[in-house]
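Residue numbering begins at 1 within each chain, and the chains themselves are lettered A, B and C in the order written.
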């Protein structure tokens, strides 16, 4: 019988429209990044999809609060309180199917968003781990917590104004950690929000401690919301505070075990996938395993070109930003940032890709992206051009006339040297790159 | 006329909702008003406006819409004036307390007024808050970088006052919403 | 006070009296709408009559356990109401149709009645049959799968009656059940009432004196929160004379009883 009532609630209450709206908004949020080519933010990796979905909770969570509060007012809105009040079944039993219908529809809505995103992710990467599962699970749980909390507050304050005020309060509460995180590093309390304030990148994952703490916290919050919904305006609803406070007491210390921001490296995503065909070894990260085949040819070309140098390297490795140095002398390191999810390596041809691998004579810049100094930035394509024997190297022409003039000057200075000295300078650049030394000085023969 | 106006305002819950809307709007706008952080100021001002509309929006449908429809007064005029006055009131309130640019607030007030009226016409006064608050919330969390037209339109309420796309969208929403509401009125029956 | 007690033929079977109120006082807001009412009712159909504001709805709401008595004593189905008593077992035996009854507009008629059956804690196995029976009895079989919001006023009323009777209550309280029914439906409803009165104590508040005459075995007349008269429809009719206002003997009797009562009170 309870099953039949649950079915009635599923079909007739505002549960399924709520789940549908949540799903549509979430899917729209995912797809809105496609026209700007920013879908790499979520479709590069399963963990990325799960955590991007969590980021979208900043919008979905407050709206769910409001939906719960709206559902809670159904009795009053229908003026059915008197009739229902005279029935034998206690009112908390009446709320139970409503709450479960709501939870079920919210979870289904959340899963739908993930399913739509999953189609893209499956087409982008072969790397699969279960890191995303706890992240998605906590997300769905947090949505249930929002629905039940809204239901509870709506029963406590059955006013027409409760739903909108609750939604705005939800937005304000969730906005505050975002505002805070723009200043100093976020504290563990920022992890109490359903979304993440830090963006998760491809080779990262949510720390298991964070998943655990958030699970405890949202479980407590959901339970508190449910108790509030069940008891409404009766004194027993004070008990709703207990699970919430308990969850808070348990969760906060768990958070402090995780790195600030809650994100850590995902060793499985950056693990190496290598060739075993007898030729020189070429390795990519597991996350980019499906694009190993297109890298092998250009990578071996690059190794052949590096053969002009003394003590040439013998293998090529794609490495993510956080791979600890120093780079071994017998390896070529290729920055994983040269890969775009869903599109592969950022090069129009094999020759361009080989040139990219040869930038800096097969070294990975020690300084990250933007902080690379201008001279290093200009020297790297020069040595690539020398190794290939073509200036500018394929795909490395610059449009800015000043920059072009500077580079050409460097190139001409190098080319003016005797052959052996040229090789010596390029080898010095490689040495400087391996040791995180001064690459510009190495090219100009200084120290 | 004065008597009719007083009764109309009473049946639209204005004596309670009006002051409540102003207080709530002022509170939220002041909470995030930070001259050193224009983004925060704008986000909170946008949410404050939407909150004000959602409180006043409940009054966009009367006790019995069908009964009212049969009255001979010029409903479209009353309804239009109602929405416009509500928008002007909230714009004035936020503009007084917030450091957000007035041009932006005026544009947002127009757009939100339309969204509120549209939701009232489609879903009823009790749900009139849905569209303005949802959109304000999205705008408050989506970074308002006008690099791409899709994102610029999604976050129109937080766009700078000189954004043409946001202005056009706000005007379209305002006119469309008010027109729908003026002609259809608010639905009353929804449970 | 005028009183003619004909309670022998209404004698109860299991409960003593289904409704037994002594000096009952019930507040409606600030007003004491039922103020010192003595009433004993058993099985059968009882028509509750009285002018506007007599306290009929307040009385019915108190009997339906919506309102708590402010004073006096009230026993329903052998249980004393008020104090800390658990109302649950009592409520399983009550059927109630409020004057202005609320319902979930999205539910179908069947879902609504089924839902109410669940709330009344009926045996789950009996619910589907009981729901069908209740819907059939009010003549809504064809519209059982229509949404409540699509029903006309009269059909809505019938759906309300269906939920009130779904649990075969021992105490059935109907506040203005005939409002909105068309003449044919009212005739059928009277038959249904007489039927229900065979097993239960049915209290029907109404303004329509013909309904009372046709369907009730007993008339309860209230004014200003007090019992004015209790007796058979024939007893009521017998009180009226040609000088009293009314279209038929019962209405004339009703007018006469009220006038008489008010004269007595205000002297």
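Keep this in mind: a residue touches a chain if its C-beta (ideal position, glycine included) is under 8 Å from a C-beta of that chain, and two chains touch if they have at least 3 such contacts.
None of these values were measured; they are calculated from a predicted model.
K.L.:
So which chain ends up closest to the centre of the protein, judged by Cα positions averaged per chain?
P.N.:
B
K.L.:
Could you work out which chain's C-alpha centre is the most distant one from the centre of chain B?
P.N.:
C
K.L.:
Could you state the distance in Å from the CA-based centre of chain A to that of chain C?
P.N.:
Distance between chain centres, rounded to whole Å: 65 Å.
K.L.:
Could you grab the centroid distance between chain B and chain C? Build each centroid from C-alpha atoms only and quote it in angstrom.
P.N.:
So the centre of chain B lies 48 Å away from the centre of chain C.
K.L.:
Between chain A and chain B, what is the separation of their C-alpha centroids in Å?
P.N.:
Distance between chain centres: 35 Å.
K.L.:
Residues of chain A that contact two or more other chains, please.
P.N.:
Residue numbers touching two or more other chains: 74, 78.
K.L.:
Going by the contact rule already set, what residues in chain C reach two or more other chains?
P.N.:
As it turns out, chain C has residues touching two or more other chains at 104-106.
K.L.:
Where in chain B do residues touch two or more other chains at once?
P.N.:
191
K.L.:
For chain B, which residues count as touching chain A in their complex?
P.N.:
Going by the criterion above, the answer is residues 17, 20, 24, 28, 31-32, 37, 40, 43-44, 47, 50-51, 54-55, 57-58, 126-127, 129-130, 133-134, 136-138, 140-141, 147-148, 150-151, 154, 191.
K.L.:
Across the complex, what residues on chain C touch chain A?
P.N.:
For this pair, the touching residues of chain C are 61, 64-66, 87-89, 91-92, 94, 96-98, 100-107, 111, 114-116, 118-121, 124, 127, 163.
K.L.:
Of all residues in chain A, which touch chain C in the complex?
P.N.:
So the residues of chain A touching chain C come out as 1-2, 4-5, 8, 11-13, 74-75, 78-90, 94.
K.L.:
What residues on chain A touch chain B, complex-wise?
P.N.:
Residues 25, 32, 35-36, 58-59, 62-63, 66, 70, 74, 77-78, 160-161, 163-165, 167-168, 171-172, 174-175, 178-179 of chain A touch chain B in their complex.
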